[in-house]
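Heads up, there are several structures right after this.
Shared between the two complexes below is subunit A, which pairs with subunit B and subunit C, respectively.
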Partner chain A sequence: MKKRVKTKTQLPLKNRWLLNIGAIVFLIAFIFIANQFLDSYIRRILNLCAIYTILGLSMNLINGFTGLFSLGQAGFMAIGAYAVAIFTVPLEARATIFYLEPMHPAISHIRLPFVVALLLGGLLAALAAFLIGAPVLRLRGDYLAIATLGFSEIIRIVFTNIQNITNGALGIKNIPTISNLWWTWGIALIVISSMVLLIRSSYGRAFKAIREDEIAAEAMGIGLFKHKVIAFMISAFMAGIGGGLFAALLGTVDPKQFYFTLTYNFLLIIVLGGMGSISGTIMSAFIVTIGLEWLRFLDEPLSIAGISIPLFRPGLRMVVFSLLLMGVVLFYRKGLMGQTELSWERIIGFFKKFGKKEGSQVGGDLSE
Partner chain B sequence: MLKVEGLKVAYGGIEAVKGIDFEVPDHTIATLIGANGAGKSTVLKSIVGLTKLSEGRILFDGKSLAGLSPDQIVSKGITLVPEGRRIFSNLTVVENIKIGAYMRRDDLSEDLAWVYDLFPRLKERSWQLAGTLSGGEQQMLAVARALLSKPKLLMMDEPSLGLAPLIVKGIFDIIKEIHKQGVTILLIEQNANLALKTANIGYVLETGNIVMEGPGEMLLKNQSIREAYLGKVK
Partner chain C sequence: MTLDAQTFMQHLANGISVGSLYALIAIGYTMVYGILRLINFAHGDIFMMAAYFAFFGIAVFHLPWYVAFLLVIGVTVLLGAGIEKAAYRPLRDAPKSSVLISAIGVSFLLENLATFLFSGKPKAFPDFPAMTRVLEIKGISIQVLTLVVPLVTILLLFILLFIVNHTKLGMAMRAVSKDYEIAQVMGIKIDRIIAYTFGIGSSLAAIGAILWGMKYPQVSPLMGVMPGLKCFIAAVIGGIGNIKGAVMGGFILGLAEVLLVAAFSSLTGYRDAIAFILLIIILLVRPTGLLGEKTAEKV
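Let's look at the complex of A and B:
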């Protein structure tokens, strides 16, 4: 390889392909090993990383790429999660789950394969996005955020109250826990690659044009409303898929899981990763998921040399995590990646630079 | 090519354009000049469908544009270079140009080569973020972006806004060049001198009414226009 590779110069195509294939082989090997040897706690965190990646990308498409401040993700996720829950629960277990009020006869005998239920969840979420998109997407900025937030609460309350379909506040248990690393990471990879293709297509450019300047985009012949609805529906579809995987990972759903605070996790991921960066979203989905788990020791009582430190009690984790976030946001105002993407050139450049002078960093400020 | 009849546009209760008629014949450069607030931009916006007209009609190649959305109007061959350039500053130059071709599904390479030929500077900077360009380059980019939609009628809203005189001259040379290559142009300007020198046909707009019209050269010699817009002492 050449001696000095700047971040801007491109690697030869062949080398890039080799690196890409290498990365995919590495990932497959990693999933294989993780599935065989790592304990269930770590596997679960890795699964959550994948699901949060999907949901982060779904939120980034609408908020970061299209520039619409939408906070409805938890609602769309709930639709996908409930679709998987309702249609994959074993028929024989249904009577015991729905013991307060039996399941509606129209659906009580339908059981779908996981993939079909997952897709159905995504499609239903997209349908919901289409239906609410018509009135809601005429709003802008904060108003849109409040309207979509309201939508996600409506979904949650509806799901709490249609007892014979969702089992209300009791939730649905015994969902076959099909989500394993192959499923979650396989689907996450599909979602990531379709996002990359979408953003590079003329639709992706239209979304970004709308984000940058609605009037100019309209003057260029981009139909604002149509594209907003398309972005909203794709985003909802992805959120539905993510929700379905989530349900099949936990094995149980209930309306409280989809409280609107869930949306803030995804908002956090995209703000930290960079609004409008796919690779940033992936990185920050990992950082947030693993970081929140790793900091769990702060929630437990700690005593050094017999003296218990009063600070360590449930809740400290979130305090520390929030402080860390503030630090990151102070130093990387546009998130870790801003609107740029990670590339092999950049990674190599980073390591070269890192090798030369230790401690120097490549990050959000390089918004070229 | 474009015919505007009895156009009235109102914002809220205030009439910005009070019933004007004008025409842009095929293969000409037409210009609307006038002071701030005369309603020039409003006229362009209503032609491309960004503002609703309250009365009158707009005919393009003999067909009415009434009720069409901006994207339908763009696909008919009218493109607006908006006032203040309005480029997409966080996207690269190339992405900006390609967004101009959004309505097209055919091969772009020939037209890309054409605009790069017109604006070699943009080719050098094609991977730069558009927001990092200078004002003149941004104006070039706005024009290049509009040209990629292959307009029959290119409408420009104040291309000289905020640019140095030398750059303005360059932009006007390019306008003439684009015109030579067969694009009809409707130009809106405060810089009446340059606009009238460039245009074949000129209209003077004053508080929502057209007060004078005629070939550019003739308007340029007109005493009252010289007093009102060209700063000529009596």
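Let's look at the complex of A and C:
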């Protein structure tokens, strides 16, 4: 892959720090204001944005940065979501939820604080990734895609069948919900920053080397299997955390939510954002989440001047969604960012260019 | 746990007939993979569309069955070749992951399109009394269909093997799957050969869908997902790229599912997981599948 040669000069360190701090302060202020003044529907969408960012990054780590085509995200999410659901549901509500078959006595009296349950979910997902990774990560390309997809289906099938732990197809209700933005956004920020640190570390460089050329990477002394397992486990951990937040946001889990088509949402996010770009993933997580909400009008019956248009009926939204995925893959293969990252220089450059265009329209060159 | 001879024979017959259905669909996967090195994720959904076409032909437009079946096969072939042209051909030189994503996109699109057009509610596939009639042979009751399906599969397998091994088209297909670029240099029109391959795979999927509809008389937008995944697994078990292997894998998978569930009734809920566990085992023990050739990774 050819990288664009950077010709633009970097900003001085001091300015960059000021901008970074400014952005963080702005973000905190935004979350505070959003928490205080926005209605629950918009808060919910913003929460979803943060969760999809985490899941998009988790998917991008394995697919975009390490170049392993994995489709198991829904399964890892399910593990995280169920961990949170099982361990945070109030003890007194359990008897009514598990009315078909009582909860297994080993876990029926354990209640964990949300953070602990969330971490436990992530760790369990990572453990599952370790167990499944040992056999499947030796596979190449598309075999891996099928094997991970199969794994995510197995998880779902198992969760549907172990009635006394997951309550089977009925799912678990009454999970204490989180409705403010601090949890999701705080965790999303932690995930984003650890992701940046990870990609810049020697591990991150090893992941990228594996993506570019496995054989060359191996020849350079990178342990392929070890690094693949590490990437897979971290990705699963993040997916588990995302799943746990998802469960706490919705307040209910059931196996049908984690059908493998859920993974396609994150696939669209990373394809649109750019396979191998953190900032691209964040941007497209927002675009996709908000877009999917906005497209809901397509499912509503629509009538213009009294004539109802038969095209608008439930299902159209998903047709448009899949057409979008196809369109991006066919005509816009690099996505928003490709493999590059957003930087202050780039933003400033963009606005300068924009300003120039505006300026030239009025006849004078204002910027120089 | 205990099985007497009669129930065992009944399950065996059932397993063979399920296996032959898997085999029909698995051939489509294996042929496309052999030529393009691509998992055609949309294959299961082409199968689903074919079932809908059959439903509409017979139950809605009341066509005689032979006209309807020919039409279904024809339309499905066009659909398969059309998908190749629209979604895979533009990406011929793109990285493999892009093509795979495109395949997933097509699959997702077909599922959503079917939900949108035909609604998510399952529809009843028309009944064929001649096929669903139950025969009594030595105390074993068997549907006519259970006997017909393996016969159709074997017949089609022989026709297909004849095409691949003894016709010019088949020779071109083998050449393209051996080396794509050299085949092009030798004057083979690759795009046409690939389109034919998709057409053949889709026609088998269409026949499979018609037989499937007779066996499990229900048509729904997501009916192709599980058979699709399982048949890909069947193709991997047999050795992907190998037509005989795909049929063998289909039989193995069908028999394993039916017999395991029959022997251990506690496994009923896990029926769909058997295929994936089989996949992981086969990939560990013999990654090239039962009949697959070993290929060295080129630098």
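Just so we're on the same page, the second predicted complex is superposed on the first by the 336 of 368 C-alpha atoms of A that agree within 3 Å, B and C clash if a C-alpha of one lies under 4 Å from a C-alpha of the other, contacts with A are read in each partner's own complex, and residues count from 1 in each chain.
Keep in mind that, in the parts below, contacts are C-beta pairs under 8 Å (C-beta built on N, C-alpha and C of every residue); 3 or more make two chains touch, one makes a residue touch a chain.
Worth saying up front: this structure is predicted, and the values here are computed from it rather than measured.
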| said: Quick check for you: in the superposed arrangement, does A:339 touch first (subunit B), second (subunit C), both or neither? | reply: first
| query | Counting only touches as set out at the top, which of subunit B and subunit C does A:209 meet: first, second, both, neither? | reply | first
| task | Examine A:223 and indicate which partner it touches, taking first as subunit B and second as subunit C; both and neither are also allowed. | result | first
| said: Looking at A:352 after the superposition, I want to know if it touches subunit B, subunit C, both of them or none. Which is it: first, second, both, neither? | reply: neither
| said: Looking only at subunit A, is it subunit B or subunit C that touches more of its residues? | reply: C
| Regarding the shared-chain residue A:111, is it in contact with subunit B (first), subunit C (second), both, or neither? | neither
| query | Now for A:143: first (subunit B), second (subunit C), both, or neither, which partner does it touch? | reply | second
| said: One more residue to check, A:173. First (subunit B), second (subunit C), both or neither? | reply: neither
| request: Pick one for A:16: touches subunit B only (first), subunit C only (second), both, or neither. | output: neither
| remark: subunit A positions within both the subunit B interface and the subunit C interface are 215
| message | For the complex, give me every residue of subunit A touching subunit C. | response | 63, 67, 69, 71, 135-136, 138-139, 141-143, 145-147, 149-151, 153-154, 157-158, 160-161, 215, 261, 264, 267, 271, 275, 313-316, 318-319, 321-323, 325-326, 329-330, 333
| query | Any idea which subunit C residues touch subunit A in the complex? | reply | 37-39, 87, 90-91, 94, 96-98, 100-102, 104-106, 108-109, 111-113, 115-116, 119-120, 229, 232-233, 236, 269-270, 272-273, 275-277, 279-280, 283-284, 287, 297, 299
| Which part of subunit B faces subunit A closely enough to touch in the complex? | 48, 50, 69-71, 73-75, 79-80, 82, 86-91, 95, 98-100, 102-103, 128-129, 145-146, 149
| remark: Interface with subunit B, subunit A side, in the complex: residues 202, 205-206, 208-209, 212-213, 215-223, 276, 339, 367-368
